[in-house]
Amino acid sequence: MRYAILLMGSPYSDQASHSALRFARALLARGHRLEAVFFYHDGVYNAARLSAPPQDEPHLADGWVALHEEQGVALQVCIAAALRRGLMDEREAARHGKAGHSVEAPFELTGVGQLVDLSQRCDRLVTFGP
Amino acid sequence: MSDEHEPLAGDLLVILRHAPHGSSWLREGLDVALVAAAFGTEVSLLFMGEGVTALVEDQTAGALGQKGTAPTLEMLEMYDIETLWVEAEALSRFGLDADELMLAPRALEAGAIAEAVRKHPRVLTF
Amino acid sequence: MKLHIVNRSPASYRVHEQALAAMGPEDRLLLIEDGVQGGLPQLVRHFEAIPGRLYALREDLEARGLLGRCDASVQVVDVDGFVQLTEEAEHTLSWY
Amino acid sequence: MKLHIVNRSPASYRVHEQALAAMGPEDRLLLIEDGVQGGLPQLVRHFEAIPGRLYALREDLEARGLLGRCDASVQVVDVDGFVQLTEEAEHTLSWY
Amino acid sequence: MSDEHEPLAGDLLVILRHAPHGSSWLREGLDVALVAAAFGTEVSLLFMGEGVTALVEDQTAGALGQKGTAPTLEMLEMYDIETLWVEAEALSRFGLDADELMLAPRALEAGAIAEAVRKHPRVLTF
Amino acid sequence: MRYAILLMGSPYSDQASHSALRFARALLARGHRLEAVFFYHDGVYNAARLSAPPQDEPHLADGWVALHEEQGVALQVCIAAALRRGLMDEREAARHGKAGHSVEAPFELTGVGQLVDLSQRCDRLVTFGP
């Protein structure tokens, strides 16, 4: 089946991100396809490129990137939720006249419309809230 | 209303369970509803729990100028979002009547809530 | 006297029960943010153990359209009054 | 049949009541994260309306030291079983 | 215990109200307690609500290797944090007995909790 | 009196940051001194330097900076909470071998010990949680 995940919890603050990553791996192991993870609400913080958790803790951002690289999972970050929270890619940073950026590929800033689209296209959409 | 336009791939029920001003949940849930409606999805809204307070009249901006969600709620009709439900049990918990709320929502008892959820192929909770 | 601050609604959370359990006989309780829902006549009974010591923040009631609905037993203070409550208390505890 | 997922404890939140109100007669409820506390014998009564349709996630019970304490009426599934529940359900709803 | 060292500027009560693994609150609250103790403050800990489940035996790492807080709790004695309380009402809500928990905490009834709070010049809630 | 604020809510997600900023201004207006705001748990996200909220919403980060500039309020961000969440200044970024940074002055990364110190030094410590 085609799955999508909606993740709305902040990494390290709530278990939501860990739960979502664990669920993602499990569904892939059962032979399903994961189209995308859509990051919304505080879930967008998962896309922060500079995160540096202690070495004995799981590195969530690396976990998402690995899903993308190994399985082609799209990592879609709600742009409105992200901008308010200080997350922007180079293009948005330029548009807002700011130097530097806090989000980079394979995370992509996108609109809420993508979430609506995923909910229509996929067989299952599973939400992980805080 | 529902016979004016063909619902697309499926109707969407958005459940709003948070109060205005205290968090961004209500606004972010409404954003999803509005975008889905703009894409042609037929959207129903159900206000549950603290979410029913979103419909209290006379809301204002926050002390620092935060907009709140009342202006967004007033745009629902423009987006053809016309099915508005509130949880009857939550209304009584807050001592509110459906007919003193904005937008004239319809109160649903628990059984009718389960029925509404069952009828919608897609449900998102905020 | 300590000031206890509660920002969650008694309609959804049991946080207010923790605050009440921790309150001494002189302590005061201030409702802010979504906590001000606790000032509604239907919900104020959760605070009947602390008559005369329940406060709610005016700005937060107002933004939510609840100012006119707040029970008469609740003392409504603005943010200046909030600061004053913290001045009068030897310490504040927040329950969130 | 829909799968409802609850990640908050019935000891602190009323989120499980919302899930129960939204459940149809065939729907299932899975407890994950702090929600697995609801599987404790003292708390499982909150779910007595849905006999045979209550599940809890093994990994989350285990990490919390609650696996051995979970009530016999709760069906314990691992994350593979979680995926299977989502396969069998036509849709999932999360209550957080 | 408390007569072995002079408390500094004042004792600190740290109230922990969250379960292990579900959020970072418990760990972050414990971090404050440990650092305060390392600075010479006499620290008391009170586990309230879901926080009492922090003391359940046989906790393990999370499914992705998250450490949890049990290892930190085992270090409390090293930091001279010896006053450990649990909310009696929460224990009974969870069906737990104080004597089956880690670290042999003392159960406090509501009145005793208010008294503990009153006695500490500083209280932080997590 | 000397006040300190402990802020633990994510900006824009919870009202906590708005409440804290409003309280800060009110206590200053009453003639008190605000020694510091200590950002902990998700409160550390207030220090994200790239935040770009919509123009009709209050800009929280600018609000904190104004407090610092006008009143000398220290803006102390818990370093452990920040690093896990992708917030680091230039020095930490260099130490972790990362290019760019997400926190800059007047926000300063510091240890939890500063919070303990504030709770001892100040007459009042008021916490704003999510």
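Things worth noting here:
When the chains are written out, they are named A, B, C, D, E and F in that same order, and each has its own residue count from 1.
One rule holds in what follows: a contact is a pair of C-beta atoms (placed from the backbone, for glycine too) under 8 Å apart; a residue touches a chain by one contact, two chains touch by 3 or more.
Given the structure is predicted, the values throughout are model-derived calculations rather than measurements.
Interface comparison, E-F against C-F: more C-beta pairs in contact at C-F. Inter-chain centre distance (chain C to chain D, centres taken as mean C-alpha positions): 33 Å.
Rounded to whole angstrom, the centroid-to-centroid distance between chain C and chain E, based on C-alpha atoms, equals 26 Å.
Work out the mean CA point of chain D and of chain F, and you get 38 Å between them.
Contacts with at least two other chains are made by residues 12-13, 15, 22, 41, 57, 125, 127, 129 of chain F.
Shared interface positions of chain B, i.e. residues touching 2 or more other chains, are given as 21-24, 49, 62-63, 66, 122, 125. Annotation for chain D: residues 7, 11-12, 14, 33-34, 59, 79, 91, 93-96 touch two or more other chains. The set of touching chain pairs reads A-B, A-D, A-E, A-F, B-C, B-D, B-F, C-D, C-E, C-F, D-E, E-F, using the touch definition from the header. Put simply, chain A touches chain E in their complex at residues 12-15, 18, 21-22, 56-58, 63.
Residue ranges of chain D in contact with chain A, taken from their complex: 5, 7, 32-34, 59, 79-80, 82-84, 86-87, 91-96. Residues 2, 14, 18, 21-24, 27, 90-91, 93-96 of chain D are the ones that touch chain B when the two sit in their complex.
Considering their complex, residues 10-13, 41-42, 45, 48-54, 57, 61, 83-88, 92-93, 96, 98, 100-102 of chain A touch chain F.
Within the complex, the chain F residues that touch chain C are 1, 3, 8-9, 15-16, 19, 22-23, 26-27, 29-30, 32, 124-130.
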